[in-house]
Structure formats: C-alpha cells, structure tokens
Amino acid sequence: MRTKRASLLVTLLGLAGLCAAREAASYPHAFTPQQSKSEEELLTLPGELGRPGGRLVVSLRAEPKTLNPLTAVDAPSREVILGAMQADLVHINRATQLTEPALATSWRVSADYLQYTLTLRKGLRFSDGHPMDADDILFTFRVYLDENVHATQRDLLLIGGKPIAVRKVDALTLVFQLPQPYGVGERLFDGLAILPRHLLEKPYTEGKLAETWALSTPANLWAGLGPFRLKEYIPGQRLVLERNPYYWKQDGKGTRLPYLDELDFLFVPSSDAQVLRFQSGDTDVISRLSADNFFLLQRQQRGFTMADAGPGLEYNFVFFNLNDLGEKASSEMARKQKWFREVKFRQAVSLTVDREALVRLVYQGRGAALWGPVTPGNRRWLNTSVPHPARSLDQARRLLKEAGFSWTNASNGDSVLVDSGGKPVEFSILTSSSNADRTKMATLLQDDLKQLGMHVQVAPLEFRSLIERVTQTKEYDACLLGLVSFDADPNSDLNVWLSSGGTHLWNPSQAHPATTWEAEMDHLMEQQLSATTYEQRKKLYDRVQEILAENQPMIFLASPHILAGAKDTVGNFHAAVLEPYVLWNVEQLFQRDGAGSNSK
Amino acid sequence: MNALLEIQDLEVAYRSTAGRECGALAGVSFEVYPGEILGVLGESGSGKSTLAAALLRLLPPNGKFRKGTVRFEGQDLLRARQRELQKVRGGRIGLIFQEPSMALHPTIRTGEQISSVIAAHQALDRRALREKTLQVLAKVFSADANRIAESYPHQLSGGQRQRVLLAQAIACSPALIIADEPTASLDPSTQQDILELLRTLRDQLHCAMILITHNPAILAGLADRILVLYAGKVAEIGPASEVFGSPQHPYTRALLKCLPPPLTENLRPRKSKLTVIPGESPNLQQLANGCRFEPRCTDRMDVCTTSEPAETSLSRHHAVSCFRYGG
Amino acid sequence: MRYFLRRTIQAVLLLFGVSVLTFLFSALAPGNYFDEMRLNPQISSETLASLRAQYQLDRPLPIRYAYWVSSVLRGELGFSFAYNTPVGPLLWVRARNTLLLTLTATLLAWALALPVGIWSAASLGRWPDRALSGATATFLIVPELVLALGLLIFAVRTNWFPTGGFVSTGFETLSPANKLRDIVLHMALPVAALALSSLPILLRHVRAAMAEVLGAPFLRAAEGHGIPRQTLLFKYALRAAANPLISLFGFSLGALLSGSLIVEVVMSWPGLGPLLLEAILARDVYVVIGGVLLSTIFLVGGNFVADMLLYRADPRIRTESAAK
Amino acid sequence: MKLPSKLAKWLIALGLLHGAVICAGFFTPYDPGEQDRENTYQPPTHIHLVDSQGHFHIRPFFYRYLNREDFSEPPQEDTTKIIPLRFFAKGARYHLMGFIPLSLHLFCSDPGSGRIYLLGTDAYGRDQFSRILFGGQISLLTGLLGAFITLLLGASIGTTAGYYGGWRDGLLMRLAELFVALPWLYLLFALRAFLPLAVSPLEAFLLVVVVVGTVGWARPARLIRGIVLSAKERDFVRAARGFGASNTYLLRRHILPETAGVLLTQAAILIPQFVLAEMTLSFLGLGVPEPLASWGNLLANLQQYSVLVSYWWMYLPALAIVPFFVGYLGLASALQEHANPHKIEVGVTGDTV
C-alpha cells in the first residue's frame, strides 16, 4: 500500500441556501434598460470599461461532473454552470448581497405576498441563437417540479410542501403563484437556470433528461443564457468555454459583454498545486486560498493583486451530541450526554476556547473570532449586542463547579475534571481529516480543554464517514464542523436552526423541539419567514442569535477571511465574500494586455 | 628449455571476517615447461585451489597477494593490467574448475557459454563463432556436439558438463591448462574417460597442463612431474617417476602409502585416503613455529618443532623441504 | 496453450473475487454518494431517497452486484452517479494518460536501477556503494507527495518546466514538433517524481539480487575464462540474478495503473488518479470498482508477463513445467 | 562467536540511535505535546558562548526570539536577556522507557525564562526536538513490529507456496494477487467505521501495526516463493530429499537460509515504508492521534506547500530520520554479507567444496 496522505479535496459544507428574504430591492447602482437594435433590451453594467478579447484561465479543484443544471450537485459543476454558463431570472449580486434584475427586468409582488409577476427582458436569445421566451420558462419549471426528473431544485420550489405554480400571461410576462405568503420570493429565482426547450424537450419526454448534457456533449447541442457557452471538454484536463455572442449585458459604452473570448477551467486537484500553477502564471485568478498560501503569494510580488475580502460566511463551531438516542445509548454515552446537556458545561467549554489563538494560529490573523453564526462579514444580520465574553478559566471552573463537577489529581499529577459520579470527563471531537484548518482547531481546542482537566481526543475522520456518524448513526461525542451560508440571508440557515431541520446538527430532524429554547427558535425562524420588513426580520433573527449565545448548542469558534488573487493584468477583479468569490462578475473580467494567460 | 610459467615465492593470505589474516600459500616456487603435465598433489586445505586461482589472479575479494611473482610467457601476471590479464585468462591459459555443476552458468546454453569465451578473445562474426564453438565441442564430444550446444547445464550429465568445462578451457588453444580437480565429482569410469581426454588434448594442442588433485592415482601415468603441496608449502617436487618411485618427503610417502591398487578406487576416495594419515591437516590460522607437517610426521626430529625446513635439491629436478635432507 | 488457458481462468476468478470484495467494502464503508446532500438544506430526505432508489442503492447487495455484472458485460462497467455516464468511457481516456506516464517512468526507473544497482553490487562495501546506500535511504523517507511538490517548486523557481497538466493552454495551435516538445516537457516532472520514488526500492533489490550471485563459482569461472567485466556483470551475473528481479518487474507492470495516484493529483495529470481519489471520497462506487478492476487486470497482466519472462529466462522452470 | 566488525559497527550505531529514542524523556527538554502558542514556527534557537557585548560566558546560553508580526520577516534575537542553559536540571515530568517516572533532563532552561528549541517549533509552538525523539518511539516500534508481521506472513506463505507447489501454490499466489489488488483505502474506511472513535494511544498504535503488517505481505511472499522455487531445485536439495530428509529439515537447513538475503533487504525497505505508511493511516484517522508525535506526523507537515517553502527547519525531522534509515539499510547489507556463505567460507579453508 503506497498511498500517501493527499491533500484531498477540501469539501466544505457548501450550504447553498436559496431562500426568500423580504426586502425591497434597492440598488446601489443605476441599471438603465437600454433599447438597442432590433428589440434587444441589454442590461448595462457599471464598472471599469474593459478591453474585449483574450482568455482567462481558472483552476478547479475537481472536474465538473456534468453540464446539466438538473443533476449538478457538486461544487465545481455548480461553479461552472451557475457562474459562467447559465443565468437566472433574478440574481443576487455577490458583492452587494442584494437582488437585482437579470433575465427578468422587473418583478411585482401582490399585496398578500402570494403572487409574483415577472417581466422578461426583450430579445433574449440562447447561446445558440435560438430566441428565449416565456414558454422556455414554463418548460423549465415543469421540469424542475417533475418528481420523475429528481431535480435537486425541486425542494426549493415547494413551500410548505406545496409547489409553486407558474402561469404565462404573455410572451414576456409570467405569474408565479406561491402556496403561502413568503417574503421576497424573488430570491428564490437566483440559481435556477433557465433551460432551452428546443433542445431538452425531446429528452424530457423520452425520460432521458438526467443523462443529457453530460460533459461529452457536443458544443452545438448545448445552450444557455450565461456569458459563456461550451466550446470543448478534454477529460481530466480542462473545460473550455467561449464567449456567448448573444449575452444580454453590455458595459457603459455599449460594448456587449463578456469581454473575454475564452474562459478555461483547468482541473488541478490539489490546493497546493493550484497555488503553484497560479504562481507560475498558468492560471489568472485564484480563490479559496489558505492564509499560509495567501501570505506566500503576497510576499512574492510577481505581479499579483492579492485581495482580502474580509470575513466570509463560513462559521466553524463545535457541537455536542444532544440527540435523543433512546435505548440505543450505552450507559457511557448516557453519562456523557448528561454533561453535554448541561448548559453550564457548554458555556464553560466556550469560555475556555482561546478564539484569539485560533485566529492567529489557524488563519494567521486573517480571520475573525466568532461568538455566533453570523460572521462580521455579514453586517446586515450580525447582532452586535451578543456578548463576547473574554476567555476565562476561572469563570469556566466556577460554572463547572456549579454544575456539580469537581477536580481530582491523577497519578501523574495532572488535575482531572470528574463529574458528580466521580467519573473523569473524557470525550472525543470528530473532525474532517481532509480539512487541515479544522483539524488544527481541534488540536488547539484539545489543549485548551486540558487546562480545565478535560481529557479530549481528536478523531479526524474522512468526510463521508463523519457525516454518516453525525446524521445517521449518531455515534459521536462532539464534532467540529463548519458551515458556509451560500447567501447572506438568515433563511439560508433555516434548516440549521429549525429543530425539524436535517442540518440542525446537534439533534437533527426532531419531531418536536426537545427544549424550550429550541421551540422558541423554531417559532422565531418561522415568524421571520413571513415577516415583511428587514427591521422585523432583523429583530427576530437577533433574538435567535441571543438564544444561541445563551444556550451554546454550538460553540462558535472562528471564521476565515475570503482570500483571493489575480494577475495584475486582470481587470475588474473584485473578490466577493459570497461564492463564486472571484468569478461572480466573470462577464466583466478582462485582460488588460488582451493576450490572456498562455505564456508558455 | 625456457619455462612457460615461473612462480617465485608466491605468498597468499586470506582475511577472515573477523579481520585476521591467515596464510594460504607460503612461499611457493616452481616452473612449468611447455608441453609438460605438472601434477599438483595435496589434501584439502593444502592450498591447491588457492594456487589455481592465484595463478590467474582470481582470488576471492578477501584474498591478498603478499609477495612473489607469477611469470607467464615473460609477463608478470600479478602486476599485469586488467586488460592484459583478461587476454591471458582463457586465451593463453585455460582453466578447468573442479565442480562442473557450479562452474557453469545455470541459465545460459552451453554453446553460448563456450562462444562467449571465444568471443572474448577473438573477433569473429556470429557464424564463425558458432562454427568454432561446434569445432571445439567436437574435440571433447565424440558425437552430438549440436545437441550439447543447445542444452542447458542442468540437462547434461556430470561427465558431459566436465567436458563442456574442458571445451571452455581449450576453446582458444591455450599454452597452459590449469585443471583443478577435474574428476573429483565423477564416477570412476567417467574419470578415466576425462583423464584420457585430457591426455589426448595435451597431445593435440601441445599445451602444458597443471593438474591439481588430491588423488595420486590420477597422476600416475599422466603427469610428467609432481608437486606435493602441504599446508601452503611445497613439500616435494620432482619428476613423476622419482616422486612416485622413491618418495622422499614423509608426507609424500604417507600419501602414496594409501594409494589403492589402480582402477579399484571407490566412489569417494577422499575420505578413505585422509583417514590413513594420522592427524588432521593444520589450521592455517594457528600455525606453530616449525615444520608444518611436524605434528603428523612419523619421522619427526627436534629441529622440526622449532624452525621450518627450506627446499633442498636432491637432484636437478627433484627438491624436498625436509630437515632429513638438510633443510 | 493449456497453461495459457489455466491462467486465463485464474485471472477471471481473480477479477470476480476482487469485484465481489470491492462491492462488499463499498457497502461496508460508511456513507454513500448522496450523503453529502444530506447536509444541504435545499434537498429533502424524500428526494435523497428517490435518488438512491433511482440508482438502485436501496436494493440488496447481490441484486446490485448482478446489475453491475450485466453492465460490465455490456462494456459499461457500471454507471457513475456523479458523471451520470457509464464508467467505461470515463476510465479509458484517463487510463491512457496514466499509462503514458507510468510506462515511461517505469522503464526509466528500471533503465537506471539496473546499471546503478549492478555497479553498486560490484563495488559492494566500498565508497560508491556506501554513498548510494545513503542516497537510497534518504530517498526512501521522502514521501512521494513531498517529492512531487519539491519538483513543482523547482519548476516554479526555474521556469524550465510547466507546473503541471498534460499540455499547455494553446496546445492546438502548435506545430507537431512543438506539440511533442510540449508533451515531453509536461511529462518530465511527473515522470521524474514517479521514477525517483520507485528507484530506491528497485535499486535495493537489484543490488541485493546481484550481491547474492556475484560470489557464485560460475562467475569466477567465467572470469577465469577471460570474459570481459561488462559481459560478466550484465550478462552472466544479471541472468543469474534474474528470477527475483523478473518477479519485481511483474509488480512494476502491475502497478502501472495504480501507482501514480498521488503524483497525478499533485501534478494535475489527467489520469486515473484524480478521478479515482475523488470517486473514493465521494463514494461514486462504480467508478471505484471499475478503476480497481482495471488495475487488477493490469496486475494479472503484469504477473503473467513476469511468469512468461521467468519461463523464458530460467530453463530449469521450463524443464520442470514440461515434465508435469 | 565473535561478530564481524562491520556488523558490530552498524549494531552499535543503531543501538546508540535507539538509545536516544528510548530515553527520549531525558534527552529532550520538554513534553512533546506542550504548546507554546506565542512561539509558533520558531526557528532553531542558537546557543551562544559570547554575548552581544562580546563577553564570554562559560555556561552556554541562548536568546529568545522576538515575536514577529509578519511571518515573512526574519526572526530577531532579544539580546537584552541572557538565558543560561541548565544541565541535568529538573523540568517536565516523564516516564523513562515508559515506566520510570522522572523529571531530570539533560538540558533545559529555568522555568519562565524562555524556552530552548534546538530544532525549532511547529505550527503549535511545540518543540520539534522533543517530538522527533518521542515520535521515534512510536514510529520505530511500528516499523519493526509491522515489518516483522509482514515478513513472517510473507515468508511463511511464500515458502509454503514455493515449496509445496501445486494447488497450494496456485491458491496462495492468487490470494496474494487479490491482496495486492484490493482497494485498501476502501477497506480502511470500512474498518474505521467499525472502530470506536476515541481509541487510546495504545490501541491506535496496535491498530496501525496490525493494519500495516497484514496489508503488505503479498510482495515479500511472491519474492520468497521465487527463491524457494529455485532453491528446491538445487542439486543438493534434491539429493537431500533423495536421502529421505524431511520437509522441515529441508526447509530449515537448505531453503530458508537462501531467503535470508531477500528477507533482510525487504525488512530494510519495509521499516522506512511502514514509518511512512503511518502517515497515510493518520490521514484516515487510523494513525497515531494528535497530540502524540510520530515520524509520520512530523513528515506530514512537509506536505503543505507553504510549510515546504517557508520554514526550513520543518525539514529537520526528515534529516533526523535519515541516520536511522541509513543504519537499517547498512545493517541489512552487513547481515546479508554475513549470511552469504560463499564469500566467507572460501577464504578460510582455501578449498571450495
């Protein structure tokens, strides 16, 4: 056996949350619909005027698996499809985190928040030149909602278990009927690619939709509404996209976007190799940089623009196994769960964590300490009044003493924490072995907790084994994980806070909330779902954050900054804290020298 | 007549794994003349094989020449360059090893093993090489040279293998053949065949031969001169008729006493012979002062325990190392 | 001929065994492909169940196995959950790239290991041998991954070699000669990493096998016949030491598809490595089983070649099997 | 019997190296798991005899490094405070050879005065020197026991297959092929699922040994089989069999000795490989758990690109391990020479038989 440790694909828990938010669309920039030749209604983007032509090369950590938005669930496929090849009706701007017009130029909400009327942009064409109209949208939603297609988007379009209904008013107007009131439903449309009926209707009726648009699809059988379209796929090596000549955006001077002629995705399966290839000039932009590599590149001064976009939406935390295990629980597990259920125990653990050291040692300072799930990067939803208690071993000890714990001296002279039954407090923390940052955090935590006399073992597990343990078999003591909100809106974490949610990690999918504070959180989350103003929602969500801080079901640790880089020659490079961190404005990126990356 | 091979005061030692040295040959001198057969007689451990190896500088890595010269056709082999030496080995001096089953490469066809020897000394093309190989084989096999050439050693009998070794040795018509126990592992009738063959070859090729053996019977009637080796020293050297007729050294006498009537040797002669001479051959790592044969000698004198005898000439061709003759 | 037939039957049985065991392990390994979606709040557990049902993941193991075997017979080698395509074509393309890399590296490693190992054995215990032993010891502890990374750093610093991949971005526009040059340049580092990581082991074996035979009487005999040293070492000694080396060579051939995983990942070589590694982690089981099966075929092939070579090289084995 | 000098030399060298590892607690100043979070990635401490004013001190001393804001700057020594080295001083508690409780260290500094890092510190500010020596205890034992298990399995299976031949050979060799062909990564995932999460260090270690030992037998088995195959066809073995020698006698006297060379070579190769295999297992959560040190752990740090190019002292563990591996390889060669009968016997009697 000669397999050695590989820096395996760091699988972030990409919690893609596409949820509704009730807020009026307010735009920082003026979008002026402009009538251009032959009924085309192009969207004009502000920003630096670019230079058409050239090629941009980006590395992907894994090969995309498909070009079919219905079956794409892996991060690379989504990044390619949603980021560069497809377009949605309404788009969440990754920089402002607000909704803005896309394929739909405007939307109207009925007074009862049950009806959304969308107006389509005029003169839209798919990348193969075929015109797009309301029938394509009807087709798209029929496909998404068809149970036999197994589209993962289907669940999004069910509200309260009932599907959204779509009705065509005329060629450019559609009415979406929601089964129950829902905040700003327009956020639902982000990420829903519109499918070309003229290409997909046949496979759909034949029941072969899932297999269509595999990577080997000939370029002429593929069409989308995004800035780029398929040119060529070379298995294992790269995916080449070319400029969509029918794209519906233009720059301030009326030049049709995108600027780039070609967008190349190279498959570079190791993160270190990605850095090296960026360093050697093979790729033009890089994102998801670790702090170490960020410093490394910054130090080199090889003509890179390095960008620290600030704290992202990833929050890392430890949680204990609070599941109701019933008869399944061993006596040992029952004893441990008695500690874990004790809120003072959790608070003591939280007080012992040296968050400052985590940020310094794990993120080399490019991160933020966390006391709640909302990171400082998400200013609109951060509850600034949640207390940030300083690390205090004395206070932690006092809490533990109050909860009936005490200390004895072990044979080797170490002080050992014991529970009321005299048993030493020992437990293990699961963590994903492929994520170096989290393993490091766990090791630091282990050392922190040793000072309380807790004997903690770190158990790094391969990711899927970990998920199975946490969500299926529930055989674990504690677990260190991280979640990334796809969208800065609280609703993206709905299933984390609802006690019935599948990602309510410490005790998922409960039939009834196990505790009063969980019941209160359920109530608050549901309330904010139907609340109509930002202020109302913010107040409700602030209370959720307070409950979390009081009860510490998750002990929040730290959040890394979003670090990215680009060659100096790449114009309009602005890293965002939302995915895709760098390619979110790919239609505006351009090569200053026009040549693009192709040095060798 | 000029000597073909002249060995003077040859001393060889081995370094043991513990790092100590022990002498295997201690000042051996003799000559070999063109066309003659010199029989070298000695029991196990007397240094016979070392002598054979030393002549061609084939000592194992832990063997070392201490002093002496080996002059062959006017060239000092011990100081010759590797290239020169290689020309002599197999070209001018043919070598026959004692164990035919181990001296042949197990996975190369015999014909190829012979042609390799030829190719090492003569620039011939493939066909000529093959022809020459078959010719050489024909000299040692009355028939079937082709089949033998295509065979692997393990497919041949002991006698056949020994003939192949012979063929390798004579392949380049050498001036001297050194045969180290050529018949030791063979049954008596095959032994006779091989000895007969050796004699024939000598007559055909007019080469000299050093025939090393522990068995005096083999040398009788074949060797022109006899050299008796004991514990790395020459005990007695002289014409075969004289040495066999009137052995002078006590060791030679003891050795010849155990000679059974000719042609009735049993299969494993070594054992029966050596039991007759009392005592065991000396441990060369722990030599006392004095004559090396002294502990086993029936004629020992006082002087024998304190110093070593020198070679004394009895006649022009006959010399003995024993105090009885002056020493 | 009968021997050949017997080997074929054995190979089929082996493949059967490997596939059954891999299937079992895949069932035992925790989690399945759709588990990652479990943490995705967009997707309900009903959808997950229906997806699992669609791919028959909810069926009992024997049925899944039967389903897979029928797919193998169709030449598809099963169906990839992630790629939504048959596994066969996924594997072929990448296996070709892997072979290009590993075959070159293996041949290079052997071409280096033989002369150097023989030289080392011939100077056993003297300084060249000692220096070499030190060097092999050093290389033995350098993990393949570190070696590959080191070479990449070298490439970045010197700019002499590309830092990974198979061809440059503008490959299509190059002239045939430049295309060849481009591929060779891209191959240089991964080949070097692979060759260097297998070299110490090969060297040790060549040296040991040669040291074993160098004291043999027939070599001294051959030396006594004036056979030149080159012939002595490279023909006589090497042939005598061939048996263990041929077995080892069989292993080298067998590892052609499976031995380059890490290097491929680090050097972003479009071979089987990245595909299989991702498939293993994502529990895309049929891709894994297909990959395992493919490398098993190579293994069997490698052993078969080794047996054939042994049969050719050692007449004693030939005689023995003829006698049977 | 007296050992040949070369063998003795290697044995002594390895003995000294292992001695240092076994008595790691005494030779190292600190507990290998102790974190010094203020001093992560510290370069090795310099030991001085002459201070910044040019005064000579009899007692060796060192300076602390000033903390750096940015890791890219070279570290500066704080020359205002001389920290003397203390020899045979009391420090962290440890168990010598695992059972003698002691707190005596060969060298350390006064508590609270600043810490000495002979080989620098890692990402957690742990003393690398201590980690290397303590890590050796686990890794060497893993390598030795693992190699022993592998070779024992390999030799017995290979010998059985080669010696008895026939259906046994076929079966065992197919089994070996199966073992080589199996996807071990999968098996290990499966294995991990069955094991309790929090394994004690001892359990974890035994697991590593067993996993490492049982996975690798196929290759040695095949090599051994090849040798046994040819050995049993040697004339003297055939002869001995003809005389009615028993199988056990033949195996013990004639066949197994032939395999010694390959076994020893394999051992010398396997020990380093197993030390590294531990690294892979750690990745799967099967290896030696943090914060325990092992050589596999230490080398794993090098797999990060940023570490590889930024902190040169992180290479030192690799350098420290080299002498052990050179020692094992040298020992293997010496043993091989010792075991090889031709070369030595020839010299002593002068006649080869």
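We just call them A, B, C and D in the order they show up, numbering each chain from 1.
Going forward, a contact is a pair of C-beta atoms (placed from the backbone, for glycine too) under 8 Å apart; a residue touches a chain by one contact, two chains touch by 3 or more.
Everything numeric here is computed off the predicted structure, so don't read it as measured data.
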*From the Cα centroids, identify the chain that ends up most central relative to all protein Cα atoms.*
C
*Could you tell me which pair, A-D or A-C, is linked by more C-beta pairs in contact?*
A-C
*Select the chain at the greatest separation from chain D, using centres from the mean of Cα atoms.*
B
*asked:* What's the distance between the Cα centroids of chain B and chain C, rounded to whole Å?
replied: 53
*Whole-Å distance, chain A centre to chain C centre, using C-alpha means?*
38
_Chain centre separation in whole Å, for chain D relative to chain A (CA means)_ = 43
_If a residue has to touch 2 or more other chains to count, which residues of chain D qualify?_
185, 189, 192-193, 273, 276, 279, 303, 305, 309, 343, 346, 352
*Find every residue in chain A that makes contact with two or more other chains and list them.*
2-8, 272, 276, 462, 465, 468-469
*Per-residue multi-chain contacts in chain C, two or more chains*: 29-30, 143, 145, 149, 153, 215-217, 314, 316
*Please give the residue numbers of chain D that touch chain C in the complex, ascending.*
6, 170, 174, 177-178, 180-183, 185-187, 189-190, 192-194, 219, 222-223, 226-227, 229-230, 233, 261-262, 265, 268-269, 272-273, 275-276, 279, 299, 302-303, 305, 308-309, 318, 321-322, 325-326, 328-330, 333, 336-337, 340, 342-343, 346, 352
*Contact set on chain C toward chain B in their complex*: 215-218, 220-229, 231, 235-236, 239-240, 242, 313-316, 319
*Show which residues of chain C lie in contact with chain A when the two form their complex.*
29-32, 35-45, 47, 50-51, 54, 80, 82-85, 89-90, 93-94, 97, 143-145, 149, 152-153, 155-156, 159, 162-170, 182, 259, 261-262, 265-271, 274-275, 277-278, 281-283
*List of chain C residues in touch with chain D within their complex*: 10, 13-14, 17-18, 21-22, 25-26, 28-30, 124-125, 133-134, 136-138, 140-143, 145-146, 149-150, 153, 200-201, 204-205, 208, 211-212, 215-217, 243-244, 246-248, 251, 254, 280, 288, 292, 295-296, 299-300, 303, 310, 314, 316-317, 320
*Can you list the residues on chain B that touch chain C in the complex?*
53, 56, 58, 60, 82, 86-91, 94-95, 97, 99, 102-108, 113, 116-117, 120-121, 152, 154-155, 165, 168-169, 171
